[in-house]
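One chain, chain A, links the two complexes that follow: it is found with chain B in the first and with chain C in the second.
This part shows the complex of A and B:
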């Protein structure tokens, strides 16, 4: 046997073992659980195998609500946060004075704890017996009626969740995009200027294609991140998300395992596999689309 | 299109508090470039030649001075209104666009009455591509092209909008030696064919001499000499120009004029007229040496290099400022490679005298 090859495999072994034990094996395990009906983790027994878990989960109104919430969150926040981040990054790279200060300010949410930020958002939006919250004061100031954003109608809660998510994910995107913009060789802009290219055309025909790999990276990770959203909702609406109608798919999985209605690892596994297949499908679609539109 | 530069000056402010001194990249550059000529802007790196080019194309604004294209004052005009085509040192081809799209890019910027139809654009792009012999590569991406091909795409892109002036910034520096030779002929051919006034920047004197109608030699932002390549080579105004032009470079000696004779060391090498006694720096072109048994300049022979057509004799002399003296002798002259010393007679018209401190040329008449 080739000596070099053996050595190579040997070097890879620790990583293989680690990934195998903590990633591949649990994944397979979850897959297996999802087909075992009535699995009890204490006695390690199950009553039968089949697709019943999937059928249960797919007919559970809480799960359907969670899927709906997650999809709304994904569809709204990913394009919105990426677009806004692009806008801010372009603005940042075109100002000279105070750029570092602005960059720091925009990056602050990234280093702030999710739960702490959630608390701040609650104070901004929540309506209590004593105060209507800052946002409601503003709305009233403009002559509108106050809305309970935390305990009120569905759209208001969804608005807060999306707003919060966009706010939390943006700093990282701005960071990535500003460095992507800075890495575009200025010689292309000079060449375009000499040829009399209008600014908008420079942006769409040169800047965007040049940073397209980074935008694509942000969209893919954004999609995956938004599908896995959970802690943001908890930070805003507390742990009983089903009651607040604000549960997400990951939240549903968690509830099925440990929540008040928990203790059903089989249902949790089925829901997790469904989430996995949704994310996989979306990522594959993304990859296919990107092949046509991402350069290099 | 005639180009006139009037007292063109560009100063860059000091970078920081630690180095507050401003840098004068181009200092009082005055020059009139005749219509349809190919001009080589020549100088060592950092001499301000690229800055001068950027001033002409409008990417940088001059601190003072004026630029005219024909009769129009373009000093304050942004680059897009000047009608210049610029070829960058590393071509700056848009990597995500095909060759065709790269070449049509400047045309798509035209608005209003100048706007061409898609067919006309492609027709013009094809014409430009034909000029630089790129037909058949129109669907490739720049990364799929060789350096020379990329270079030609860049020239086609600069020419497609029929610029009033074509500017080339070190166009050959990214090519290998063989391709460089070929491409400089190409540039000459394209320039002749289109008749567009062309300025190109280079640090390679051979490149500039071989294809330019006129060369401008710059040093530290100051123009040293302007003229036809042969004139500048034959009559350098100062030591810098003499040193910068010519391969192998000119040989420099410490010398002295006394009693109408030029002496190098103890040897009197050349009778002179009309020149007072003084210390001088002597420059002798490699082709200015004649091998002669009883020649006045005796050098210690290091080695003889046979180059086919000529023989290059490498020797040393205690008064030489170069490490070795390189002289080029006709191959039919026999040189004994084992000899200790070689003796040279000197051709007066290949020998120049310079002021030892200022480097200014000192005129003399051979006697």
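This part shows the complex of A and C:
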């Protein structure tokens, strides 16, 4: 019996060591960091404990800008990408020929390097001295004025960031929704057809309720993912996001930790904890709302 | 007679309706397909335009009549793209290999072995899945720095060799193997490790392959941790490499060469995806996280 116990733990040992060192210990440590005031990363000493780090972060204009950017990104991209994915998935499920081809194409952004493809988006949207960039030429073609989407006004930069984020997150959502749609039992549709139910009614009364758990799952993961946005912004605007006014909360955390403005793990920890309190609150609200609207 | 005519009319109307809705649906699908594919087309196209002709175009042309591979040569000679690719390959393969060993052993313990506190430990394990990476990265950065492992492969690899989710996925799969097989093997005097290697791993190969593919995608595209832990270009992975190329590579304006680098970085994963299309999509549907 004793031998058996040892054996079980022995098999778990490697996983335990790694998880302990790189997941559990850091989780505790991040809270410790966030309360240590005046931490000096060179000598690894601190002058006191308290809430100063939180108050510093909450009064830092860069952090407030990052929160604003992240919130705008979340509010725009989550509903937009989920709605668009639903539309495309429904369209995809209602046709047979070419469906496989479309599904394969739609999934491509998932397997590409965010940083690398972000460069392509930057080139498409950027206005330079010798060329206005393809998107601006299109705008001019329709009689509009060209805008520098990468180095220009705030709303233009935000537009590109949202556009790219939607482009990146769509494959996952389309995949989940098409498989959810495929798993709805055709009996319901047949019954509705016998009754001569109009298509729109079938969609709102059968399809939507049947796939609502999956939509809800996508909304929650979408919120969490959008709050953690970072590499999309780096791909478009470069590593100095503060200068581009396009920083996100996660970007702020990493900037505090490392880089030109880095060396402040305490501020980084406080910012990270603030971020996850926000995410946790919103996830809880989502869960509460879903109780009323999701049919399990 | 009148009746038949009515039916014909109704049928005709229904057919037109279907046709119109089909046209609308396919237009929508093609439109999104275009939006997805266009950036890929554009990077391929730009990567074969010569530097001179690209910069001479005020209005970029949609085709090029004189494709050149010079940009690809530049991408490998002017900047160390080859080095970045090699680093990424080493990082991806070793992380995946070590992770496979770690998670297989853990999943085996949870699925097959009996020991005290197993259920409690498993529940605790599952709760670890909720810890976001962004919270632990701060301390990990300090830990690795203190261990003097910045700019080493060990520093890059160590924090990402366990995944609670993959342990869970594999454990579920292991648990489906009937107990009788295990007892039969025990009667024959097979050791646990041999049973794991000879019976469980072959049976669960599809799941293992899915896990491997997902991990490879994750490693190939990882950006944040490598950026924190490496500042020596000799240890850059492709994501950091492309950022480096963009900021001080070919000179800011050599877009075609930059695009050639982007193509080289993107192709391996796209090929992997096209080969294992169904596996990748099924795997992501079960356990994908991006989005």
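In the analysis below, the second predicted complex is superposed on the first by the 275 of 296 C-alpha atoms of A that agree within 3 Å, B and C clash if a C-alpha of one lies under 4 Å from a C-alpha of the other, contacts with A are read in each partner's own complex, and residues count from 1 in each chain.
Rule of thumb we're sticking to: a residue touches a chain if its C-beta (ideal position, glycine included) is under 8 Å from a C-beta of that chain, and two chains touch if they have at least 3 such contacts.
Computed from a predicted model, the values in this text were never measured in an experiment.
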| item | value |
| --- | --- |
| Chain A as common anchor, with chain B and chain C clashing or fitting | fit |
| A:131 touches, of chain B and chain C: first, second, both or neither? | second |
| Of chain C and chain B, partner touching more chain A residues | C |
| Touching partner for A:257 - first (chain B), second (chain C), both, neither | second |
| Chain B versus chain C as contact partner of A:120, first or second or both or neither | second |
| Which of chain B and chain C A:21 touches, first, second, both or neither | second |
| First, second, both or neither for A:167, with chain B first and chain C second | second |
| First (chain B), second (chain C), both or neither touched by A:216 | neither |
| Minimum C-alpha separation between chain B and chain C after superposing on chain A, in Å | 6 |
| Chain A-touching residues of chain C, taken from the complex the two chains share | 22, 25-26, 28-29, 32-33, 35-37, 39-40, 42-43, 46, 55, 57-60, 101-103, 105-106, 108-110, 113-116, 118, 121, 125, 128, 131-132, 134-143, 158-159, 161-162, 164, 167, 192, 217, 220-221, 223-224, 227-228, 238-239, 242-243, 246-247, 253, 255, 258-259, 261-262, 265-266, 269-270, 272-274, 277, 280-281, 284-285, 288-291 |
| Complex interface listing, chain B residues touching chain A | 57-59, 78-81, 84-86, 88, 90, 92, 94-96, 105-106, 108-110, 157, 161 |
| Residue ranges of chain A touching chain C (in the complex, touch as defined) | 4-5, 7-9, 11-12, 14-15, 18-19, 21-27, 29-30, 33, 41, 81, 84, 87-88, 91-92, 94-95, 98, 102-117, 119-121, 123-124, 128, 130-132, 134, 137, 167-173, 175-176, 179, 218, 221-222, 224-225, 228, 230-231, 234, 238-239, 250, 253-254, 257-258, 265, 268-269, 272-273, 275-276, 279 |
| Chain A residues within the chain B interface of the complex | 185, 187-188, 190-198, 201, 205-206, 209-210, 212, 295-296 |
